[in-house]
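Consider the two complexes below, in which chain A is the common component and chain B and chain C are the respective partners.
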Partner chain A sequence: MKDYFRTNGQVMGWGLLLAVGFWVILLIVLPQISMLDFSFRNNLPPPEMGGPKDVYKIANYKYLVFGAPGNEDGYNRVDLLVFLRTLLAAAAVTIFDLVLCYPIAYFLGQSPGGGFTRVLVLLLIIPYWINEILRAFAFRIIFGDTGVINEFMMLFGLIDRPIDFIRENIALYAGLGYAYILLMIFPMYNVIESLDRNQIEAARDMGASWWMIHRRIVIPFAKPGISSGCTMVFMLSAGALAAPQILGGPSSLWFTQLIYQWFNTGGNWTQGSAYAVVLLLTCIVIVLAVMRLFKVNMGDIGK
Partner chain B sequence: MRSQSLLIRIGVAFYLVLFFSYLLGPLILMSITGFNSSSFPQVTPWEVLSFEWFSVLYNDDRIINGLKNSVIVGFFTVILSLIMGLAGALMLTQIWRKLRSTFYTVIIAPILVPGVVIGISTLVFWDRINVMLGLSDDSFLHNGIVLTVLGQSTFIASYCMLVFVARLQRYDTGLSEAALDLGATHVQTFRKIQLPFLMPAIGSAAVLAFLASFENYNTTTFTFQKYPTLTIELVQKVRYGINPSISVLAFIIVSLTIFFALVHEVRTRRAQLAVANGAPVGAVSGGGKLTNVFAGNPAAVVLALFIATALAVFAYAQVYDPEPAKAVLLKKKRADQQKRIKALQERLRQQRLREQMSGPKALKPPKKSLTPFGNVFAPKNLNQVGGKRKPEPVSKKKRKSPFPSPFGNVFAPTNLDKVGGGKNKQPGAGRTTREKRTKRKHRSPFGNVFDPGNLKKVQPGK
Partner chain C sequence: MSAGVGVDLQDMWIKFGDYVAVRDANVNIAGGEFFSFLGGSGCGKTTILRAVSGFLEPAEGKVLIGGQDMAGKGPNERPTALIFQNLALFPLMKVWENITFSMEVRGASKAERQKRADELLDMIALPDQRDKYPSELSGGQKQRVAIARALCAQPDVLLLDEPLSALYLKLRQHMRTELREIQQRVGITFIYITHDQGEALTMSDSVAVMRTAVIDQIADGRSIYDDPATSFVASFVGENNMFGGKVKSIADGQVIIETNRTGTLRARLSGTCKTPLKVGDKAMMFIRPETFKIADQKDDASDTQITAHVRHSEFEGQSYNVFLESYRLLEDADGKEIKMALTNRGEARLYEPGTEMTLQYEAAQAVALPAGAVATE
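Right after this comes the complex of A and B.
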């Protein structure tokens, strides 16, 4: 501690501590704890808070699993199904992005870096600067009943009436995959770019097949990038709210939409907090699992 | 990537084209819809080139108000995030080794935590503080702008922190020590040595923070209260009724993005600035590569062309009047409609004739198609009603089917006979001639209800 003030001086030292403390304690840690605490409470109007009814209970979590008290079904099938489908769909979107982006990242990372590559990278970045909502809106135009895809397919006689892409959730998956492409490409691109091209040459000289080179050299080397990209895309798609609201079919909900409903139309904050805690814990578990699985540490994620 | 064979080369090129059309296609199509006069954003059918949506957008109070709120929120978020991010990065360089990874995890976590969760926790926490302090409902802690800034800064500061960490790695601490040795105070050292060194990083972090704040939805949607930002307004608009003025907004943003990218490129090229931390977006996902991206492109030419095009379009928009073309289109549409109605009437007439010959069977559907919405039912639909159409398998799409009767022919009186026939097939049931006929054709467990031949078969029976 003494060292700290010696290197920073009194003013700077306290300034730093204050800023970091504000951020870490008041913005990161305490709100999460408060949300966790809130999720165990009754949904009470402010005057009754701290009163006799303000007790801890796990009813809010029970609701997610078993449904409302007196539910004959045994489980809250609707919400659990939404939860499961959100996770599965997010995983599918992640895999889709990975498969789509790996060749591009490899191509960019291994190309000699002339003007052409620069233009490509620029083109990659431009869509990312456009508002997420507007990107979702673009997909709604494309996939709508009178959208470009339907019109074209009808023009060529492939179908005789518009396919409802929105109801089938195709628009949603395409839109989500689209929204986070860049977060998949860049981590991979950065890692692959630092791969010494001689290694690939050497492998090729020794007769390794195209598949072998990728499996034994490129992919192991790019693992931090891949896992970081996958984590980001998965988290963002599972936590997406705007895209499902705009592109989701009327009958299918995203888990975040359930939370949103509890807060806005449902007016039950404690219930919503419980759902949010579930989402948060799931995300933490998944991040940890991915890190364990790929043997990368926190420092690699977010690079 | 030295492809040996031509085939691989073509494959790569094909993939690149495919990939970039997926990436850029939606934006281009969306921009185009902003110039179509049709009141629903669409590319096809193309109606008339029109600039009217620009003025619709400009006169939209909610959008303008949202933009104002977004700028205010963005401004304060940038300041708060920069301060916290910089402090976090500086702290990270000198915190004890043992604590270091924990600290890093904590300040990087907001990036990985879903934005919804951050929004909720911010809302809940400050609401409780408010209650605890006994403040009223309209205190500053309930102010949408304050809450939004706090919520957004939580994770945007992490982005900034990453940018600063990348830059600080190249910082020579010897410089600070030298300054201190020469008698500078700590504040002076920070201001005169560290801050100038960090300046490029501060610039890119600020741009990044502003963009992130500007386009944030997940967190803001829980915290905005009475101050909807542009993104919130956009979502409301897109969800409840869309019109091409949103496309116009997208077009403007796309143009601005391209414009700034080009300007940046030109400037980088001219000054050959070694911006160590690169442009904002790269920084989020681990950038540092954008310096090379922007270096040495004939960007100036492109920029000049871009500006010239923009000016030309603007000038054209001043003199261009879509009204005559619109009138022509309207006329054509009307004529089309007339034609369709005529065709419809003709078909109806024939239909009636046929009806009289074939009995009451087809009575039901035509009744429906007498509705005034003649053009909704494409002429070919009537053919289907004419009795040749097979009952289609029950599916979700049925609801959307333009078929005049919502249930297909399922309820046509003849169907009952058919189903009856299928049932009769159960052991012990009497054998009628009709049943025999069904049995001959029977292949599925559902009797022949879905057999396309049913209707034809049944008709002669009547």
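Right after this comes the complex of A and C.
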């Protein structure tokens, strides 16, 4: 701590601490705590808040699992299914992005740099200057009945009638996958860039195949980047709202849309909070479990 | 010894776009030989090594290994193993995994690999380091692991790209001896790249000295040092005092040169130089600092004496170095100091600046060569 103030000085040191403190406590910890607090409360009109009815209970959580009291089914099938599908779809999007982005990251990271690489990186970044919602609408157009993809496939006689990509949720998965590509590429790119090219050549010299080089040298080395990218993509796609709203089929619901409905149209903030807390905690548990499985440390993700 | 696999480069050119990295290299390396390429940075020596190992294809000419043309064969198809300048050990694999990676590639069992790793670790005298990671080893240990890893593939030719350059002086000198021992024990051909002439001269059977893209001379270390073929070799290998001038007369293998800065001096012709000197040619003559003696008597008629003023002198432990400037320094275009090294036998001392001194040398120890490129420090 002494060294910290010696290197940064009193003013700068306190400034940095305050900024980080403001960021972590005011913008992350406090909202989450109040969300947690909310999730255990009754949904009351403002005058009754703090009154005798304002007690802690777990009814909001019970509702997610068992549905409304008196539900004959026993379980809240609809919401639980949406929850499960959201997690599975987020995992699928993560794997899809990983498979798609690893070759790109490897190519960028191991190319000798220079103009061409820089142009490629720019081409990856520039589309993200456009707002997320606009990009989602663009995907709607591309995947629409008269969109580029359907038109082309019909032109070449691959299909007779346009495929309803929206209803099939293909547009949704593509849109989600596309939305977080950069978050997958850049952590991997950063790590792979620091991989000594001589190691790959040494392995080649010793007769290693292309697959062997990746399995034994590049992927183990890139593991921190891979896990960092996967964590972000999984968390963000499980928590995405705009893409499911715009690209989701009429029958498909994303769990975040349920939360949104509770907060917005339902006006039931406490119920929405419970749903949000469950989603957050489940995602954290999944990420930790996967990290454990692949022997990645939390510290590596920060690299 | 000669049972090993030789390497031949025939009229080999390597180009990167318009840039010629290696110009018409012709080298014959005998099987079992310790062969070094010596040259400054950017002279193309590493490029040659990459062409032998298969990471590069020559633009023209051939690379033959054991008499077979290697054109179109990748690094994994050649009987060579390369040790990289930074060693390129795999940081996430244990020492034994590193060493036996070439066996893992071929699908050898774990037990087989560990057994082989133990054998090799014994050979490089690191028996108990099997389960460590490279980051836990010292510089010299890493070095040896890299050698073991390369030898594990049982190559016919081992290629070493300045593997000692990262080590500190004492260890580097120790590793020289060790490398040479390992080479003699395994009996395979070593091709060694270095900018360090000490390494090249101490370890090698033959040395190729490279100037930018061109090989100037291929010979054993002694010939390179004593009988340089070009002015570049003379100035690059070891320390040398250079005197420019014109050939005045040639007789019995000796040359009289009218120098720019120190009058008329006598030298011998280099035995390895391909372009003979003629009277009137521009020439350079080279005298090594250690071949100077202090003359007993100044003799103005002598053509093996140089009279000069001491500029400064320094004590280097085993020797005293005296730096002098000649009378005619002011008129001299390339006015470098003359360096004399006197072995410290207890009686030598530091000389005061300004002292006039007459240096004596043997004509047989001064070499005359056609004027040409010289090494810049």
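Things worth noting here:
Everything that follows uses one rule, which is that the second predicted complex is superposed on the first by the 265 of 303 C-alpha atoms of A that agree within 3 Å, B and C clash if a C-alpha of one lies under 4 Å from a C-alpha of the other, contacts with A are read in each partner's own complex, and residues count from 1 in each chain.
By our rule, a residue touches a chain if its C-beta (ideal position, glycine included) is under 8 Å from a C-beta of that chain, and two chains touch if they have at least 3 such contacts.
It should be emphasised that the depicted structure is a prediction, and the values quoted were computed from it without experimental measurement.
When both complexes are superposed on chain A, chain B and chain C sit side by side without a clash.
In the superposed pair of complexes, A:L124 makes contact with chain B only, with no contact to chain C. Legend: residue contacts after superposition of the two complexes on their common chain; A:L100 is shown touching chain B, with no touch to chain C. In the overlay built on the shared chain, the residue A:L258 is in contact with neither chain B nor chain C. When both complexes are overlaid on chain A, the residue A:I166 reaches neither chain B nor chain C.
Once the two complexes are laid over each other on the shared chain, residue contacts for A:D205 go to chain C alone; chain B is not touched. Looking at the shared chain after the overlay, A:A136 reaches chain B, while chain C stays out of its contact range. Of the two partner chains placed around the shared chain by superposition, neither chain B nor chain C is touched by A:V233. Greater residue coverage of chain A by touch, when chain B is weighed against chain C, goes to B. After the two structures are overlaid on chain A, the closest C-alpha atoms of chain B and chain C sit 8 Å apart. For chain B in complex with chain A, the residues that touch the partner chain are 1, 12, 15-16, 19-20, 22-27, 29-30, 33, 40-45, 83-84, 86-88, 90-91, 94, 101, 104-118, 120-126, 128, 131, 150, 153-154, 157-158, 162, 185-187, 190, 211, 214-215, 217-218, 221-222, 230-231, 234-235, 238-239, 242, 246-247, 249-250, 253-254, 257-258, 261, 265, 279, 281-282, 284-290, 292-297, 396-397, 400-402. Taken in their complex, chain C has these residues touching chain A: 53-55, 74-76, 80-82, 84-86, 88, 90-93, 101-102, 104-106, 149, 153.
For chain A in complex with chain B, the residues that touch the partner chain are 4, 7-13, 15-16, 19-20, 22-24, 27-32, 34-35, 38, 46, 49, 100, 103-104, 106-107, 110-111, 113, 115, 118-142, 144, 146-148, 151-152, 161, 164, 167, 178, 181-183, 185-187, 189-190, 193, 228-229, 231-232, 235-236, 238-242, 245-246, 256, 259-260, 263, 269, 272-273, 276, 279-280, 283, 287, 297-299, 301-303. Within the complex, the chain A residues that touch chain C are 196, 198-199, 201-209, 212, 216-217, 220-221.
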